[in-house]
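Listed below are the structures to be examined.
Okay, so chain A shows up in both of these, paired with chain B first and chain C after.
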Partner chain A sequence: MRDAVTALHGATFIGRVTVADGGLRGMVTLRGDLAAPAMAAAAQVIGLTIPAQRRVVMADDRAAIWMSPDEVLILVPHAQAEATAAALTQALTGIHHLAVNVSDARAVLRLTGSEAALRETLAKLAPVDMDLFGMGEVRRTRLGQVACAFWMVDSSTVELICFRSVARYVFDLLAVTASDGGAVGHFG
Partner chain B sequence: MLILTCPYCGVAGEETEFHAGGEAHLKRFGPGSSDDDFDAYMFARKNPKGVHFERWRHVFGCGKWFHAARDTATLQVFGTYPAQVSGPPQDILDRIAAATSAHAAK
Partner chain C sequence: MSTRLATGGSRIDRSKPRRFTFDGAGLRGFAGDTLASALLANNRMLVGRSFKYHRPRGIVAAGVEEPNALVNLGTGARHEPNQRATTTALFEGLTATPQNVWPSLDHDIGAVNGLFAPFLTAGFYYKMFLYPRAFWKHVYEPFIRQSAGLGRAPAPEDADPDTYEHFHAFCDVLVAGGGVAGLQAARVAARAGQRVLVLEQTSHWGGRAPVDGGTIDGQTTEAWTAATLAELAALPNVRFRTQVMVAGVYDHGYVLAHETVADDRPGAKGPRHRLWRIRATRIISATGAIERPLSFAGNDVPGVMLASAVRDYIAHYAVSPGDRVVIVTNNDDAYRTALAVHRAGLTVPVILDARPAGGGALMAEARAAGLRVETGRAIAKVLGTKRVTGVAVCAQAGEGAVLDTIPCDAVAMSGGWSPVVHLWSHCGGKLIWDADRAMFRPDAARPPTDHTGAGFVTCTGAANGALTLAEVLADAGATGQVDAPLEAALAPVWMMPQGAGPKLRAKAWLDFQNDVKVSDVQQAAQEGYQSVEHAKRYTTLGMATDQGKLSNINGLAILSDALGQPIPQTGTTTFRPPYAPISMGAIGGAARGDVFQPIRRTCLYDWHEAAGAHWEPVGQWRRPYCYPRAGETHQDAVRREITTVRSAVGLLDASTLGKLIVKGPDAGRFLDLIYTNMMSTLAVGRCRYGLMCNENGFLSDDGVVARMSDDTFLCHTTTGGADRIHAHLEEWLQTEWWDLQVYVANVTEHWAQFAVVGPKARQVLEKLGGLDVSKSALPFMNWAEGTLGGVTARVFRISFSGELSYEIAVPVSLGRAFWDALLAAGAEYGAAPYGTEALHVLRAEKGFIMIGDETDGTVIPQDLGLDWAISKKKPDYIGKRGQERLRMVDPDRWKLVGLETLDGSVIPDGAYAVADGRNANGQRNTQGRVTSTYFSPTLGRGIAMGLVRRGPDRMGEVIEFPKLDGSSVKARIVSPVFYDPNGEKQDA
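Showing the complex of A and B:
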């Protein structure tokens, strides 16, 4: 893979929250029986654990995102995606599974700002009760018209993924929603 | 608006996060079946005013198919359950029975 570029080319919007291109990220989809001991062992090989239902496991420069009862999305530095997929495949030899580098499939966006503004921005766009959304939780849902998933990295940072082909739509949608003058103030 | 709980993610999501997949628990009649059976399987669908068992997909979420039991007139949702069954589980049937008898008593 040469000259990989993000769909958003480093775009940034500064409003009530800052919406930014999250940069290139290695993404490996891991599918199989998440409860199997072999799966836990494989996750350990790449320095992670298998997240519980709707949870995110974060460790240094990597994360494991619960996607469905048989799917976890592994996030690693972009250059390590191939090696991570290979390590998982090797660790799961003989076990029914799938570990594939899907780094080109999705775009990452990074939202930063006050927790109230972050919650409000997402609440305006997704049919999710943002009063109840907690740290360490991932929500796959709808943002406007397209699928996305988001989680809070800390109280002032949200990471959001969407399919690469709709990255610009998601960026523009978030930018309009987080524009100055659009505050509702529900979250304080 | 319907609020459905996906049995796979445990998410209580609103209707637009899901996609309706029509009547549940259809028995497939394929090659070798009679024309009448195939015709009924292919084209005939219930359209009740009342309790209905349906297939839904958590299309913007985990992507899984599941079942829902709801009332098409009141939009009351009696419950959702996994896709890997050919009929509604007893707890859902009990809830429907309780709801219909409570309704009849009024």
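Showing the complex of A and C:
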């Protein structure tokens, strides 16, 4: 089999924060009644729980991201996406739902740096209250002129997803924004 | 002359000299100077020329309200026009030139306009340009071009070398203004636990207080300001910043503010300006007040300044506007200037107080200091042209008979104060007229309201009409003991003297920048202008770059007087954001250069570029239009690519096509409603072409639907339709058919999709191997999933060209690798990539419609001969009833046909077919138009599709298309299917 590649081919920018290609990630769109017990049971099958509104659930190499009142995005290692979608479909047999592998539809970017610089960089591009944005939260928003979502992995790491076709735009935009000399000092 | 005083200047650092250039002359100032204070220190009172008459213009103010001191700042790519010298911090190497001067600042021949002033009165533009007609082109236009206008626009080839950015901030309380009122209000909000953001437009805290004096609880205002800032700094819930101007307040507490980050450090790393995009629950406008000029003859002569500005220049910058400063006022505040001038060791020859009884404690203080105070007196006229040389004194009550002439170098004028109510007014806060103080101030009962109906902006301090230190503090919620002199009431003075005759009125300026005088506003009233908004536009009062900060209230008072009505009845003009000009760079933010706009790239973007693709923007996608080879024109390349497809095999990157998964027990039912044709009957493994219409029946999108499983469909949309149709489906599911059990997912970007098209397409796929793609295993309009060349792929046997064709979808992460494999496998069969233009021609040869070419939002499928794709059996689908309307079933509708030119040429794109006669507008009647037109290399001639009245009933008829060059081209109406009408090739 051939090697799969990301949109950013491993690019890295080092500035006030480091912007890096987050690598390939398995992603499964799961739609259904998020409150249904069957949904919780299905999530358990893949080692996760269903996140509450605007929350992310992280467990080892996987995560569940709240996308809308009836949609969750499941993150798993890239090679496991198809099997994860199948496992969810299996677990939800007879229950109206949609589980589909969308791994390559999006790109993952990883931002690392001081917490203040991370918050500032995002606040320059996204209309999000970065004062209050905390661990365990996810925000679907816009970054510059495109849609994105991001969450904090820890106090010095943010993961951000965008559609694959605009990965270069998002990378370049973050690089411009995280360039030296742009400190606002708003978050300390 | 104006000069630097030997001592003093709270803002300047005499140990840090700064060299700068103005109008070519090398000058010196100090760190902490503004360009204006440095110019005054160098006796540069004359800084520009006015807009219309090219009158000499000097510095009037010390802040953002300055109407005159606008300069071209910087050189080369950093050149920027209309920069206010009063708000420009001086830095080493600053270069500025005066504006609107020709040939030079000192000797401006435009000033001759003054001689024609009687012809350049209010409404000049409206009146004069009408007759005679020929004068516009030969006289008015060249004349105005030469003489009007302000700064010099940057050279078009110069790209701004600086960067800009946005910043999103959120707070409970936004305080605009860091004077005593703003800081006190911030303290109150902060103590209440609110998240507070305080923004001050200048570089300094405390507003006017440090200059205007007084004490709070025994502290000087400077000490109070420092203590308050220290208290705020210790609180975690307060942030404060200088050099950020709140520019506009919008609905829902949205606020824009403009930060000047590095104007005084050209070339520094980081952004030059920053646009703050703020969401605030509540906004406190502590924006202060602006002093008004007085309207006397010659009040525009350089050397006539606002009284507050005179004492600001002395206190902050140790700059004397002149040795002898005459004070003219209608209120007590100007006495502070008199005392400041006196204490600086300069001379106050006289204080002219228009009030018959004069003022209160401050007047007494001035008299005690030995200053001459004349009450009931006014300025009849200012003497001097490029510089004040003296004033002629008269009685305010009279008509201007000169009682005395007093030599002086400067005049400090004060006509009272106008609260800065802009932020209150931007979202509809109303004003009331305070007759005692002669000011419009916010009407607390009618604030701008939020979504709950409650007010979300409050004004405090001078912005709320509280003018003295005690009033300001109390208004901002403090209980401190204030020691400041009691002030006597002001007397409204709108014209000086009150009985000034026409000659004086024609020299009494209201708007210094736009050259609007008292006489102009009075004339507008005489000519029937009653609305203040109309009078503004007729006279251009308040339309300059300062937006009437000094002139508006005086102007509307004059208008009210001329109309014989009270001021509140006249009202104010509308306050619109921004409060003061902000840079276009800040508005654009980071969006420039590579990130000006997002470019959507397929996984083959780099490959296309390396292959020399000529790009075509398709929405935000970039798709290869064609791949020209060495020596080929684009046209050559397109023709070659078409021939490759028709004779061998072509490869197309079709990844941008929309792909929507529709799944659920009701998916078939749902798609039957969405598409015009039947989708629920589609067998698993089969494909069907479908049409989507909007509610009016007009064709909206098309594409092939493939049934994945019993409850799952894959719907292909056009490239531009992917997001739009996804939203369309969600909208119907969420708002109308929420009872249907269907989920939709947009998987467009998960798949790379490549079309392998041409008679040798099958051989290429067979060479890749792994999946049986024979006619029997995978017939036309079927699809299969399997391994192709080692990659799990979906293979669709669909054709948009009329050739044997496969569209192969693989995950995007493997897209490039799969494409490379296709190229390698196809090499021996002559495979080559083709672009969107070849795609278009190929489909036109086959008579396939293209959304956006054959459709324009007014075309129904029936117009395009697509009746076969419209189910007659279904009870309903979106657009069904629209298509039953009388106009839609009219046999006279323009319908799709093919067009074959008699001479083989290509009909120009968009050409119309003419019919007999003319319409009511005298235009030729039309009977059709071209929708797609190309040269077909396959047929060796021009082919076209078009919509023609009753077209399909008129086969063989010849119609005529006029061309832009006056000739016309004749075309025969034929079937739109030019190529392989029986479909044998695509079914091969």
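We take it that the second predicted complex is superposed on the first by the 186 of 188 C-alpha atoms of A that agree within 3 Å, B and C clash if a C-alpha of one lies under 4 Å from a C-alpha of the other, contacts with A are read in each partner's own complex, and residues count from 1 in each chain.
Convention: a contact is a pair of C-beta atoms (placed from the backbone, for glycine too) under 8 Å apart; a residue touches a chain by one contact, two chains touch by 3 or more.
Owing to the predicted nature of the structure, the values given are computational and were not obtained by experimental measurement.
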| item | value |
| --- | --- |
| Touching partner for A:127 - first (chain B), second (chain C), both, neither | both |
| First, second, both or neither for A:67, with chain B first and chain C second | first |
| Partner chain(s) touched by A:54 [first = chain B, second = chain C, both, neither] | first |
| Which of chain B and chain C A:161 touches, first, second, both or neither | neither |
| Chain B versus chain C as contact partner of A:142, first or second or both or neither | first |
| Set of chain A residues, in rising order, touched by both chain B and chain C | 127-128 |
| Touch list for chain A against partner chain B, complex | 53-54, 67-69, 71, 127-128, 139-142, 147 |
| Of all residues in chain A, those that touch chain C in their complex | 1-7, 24, 29, 31-32, 70, 78, 96-98, 100-106, 120, 123-132, 144-146, 163-166, 168-169, 172-173, 176-177, 179-184, 186 |
| Residue ranges of chain C touching chain A (in the complex, touch as defined) | 163, 165-170, 195, 239, 268-271, 274, 277, 279, 590-591, 593-595, 597-603, 620-621, 661, 663-665, 741, 743-751, 790-791, 811-814, 816-818, 821 |
| Residues on chain B engaged by chain A in the complex (per definition of touch) | 8-11, 13-14, 16-17, 59-64 |
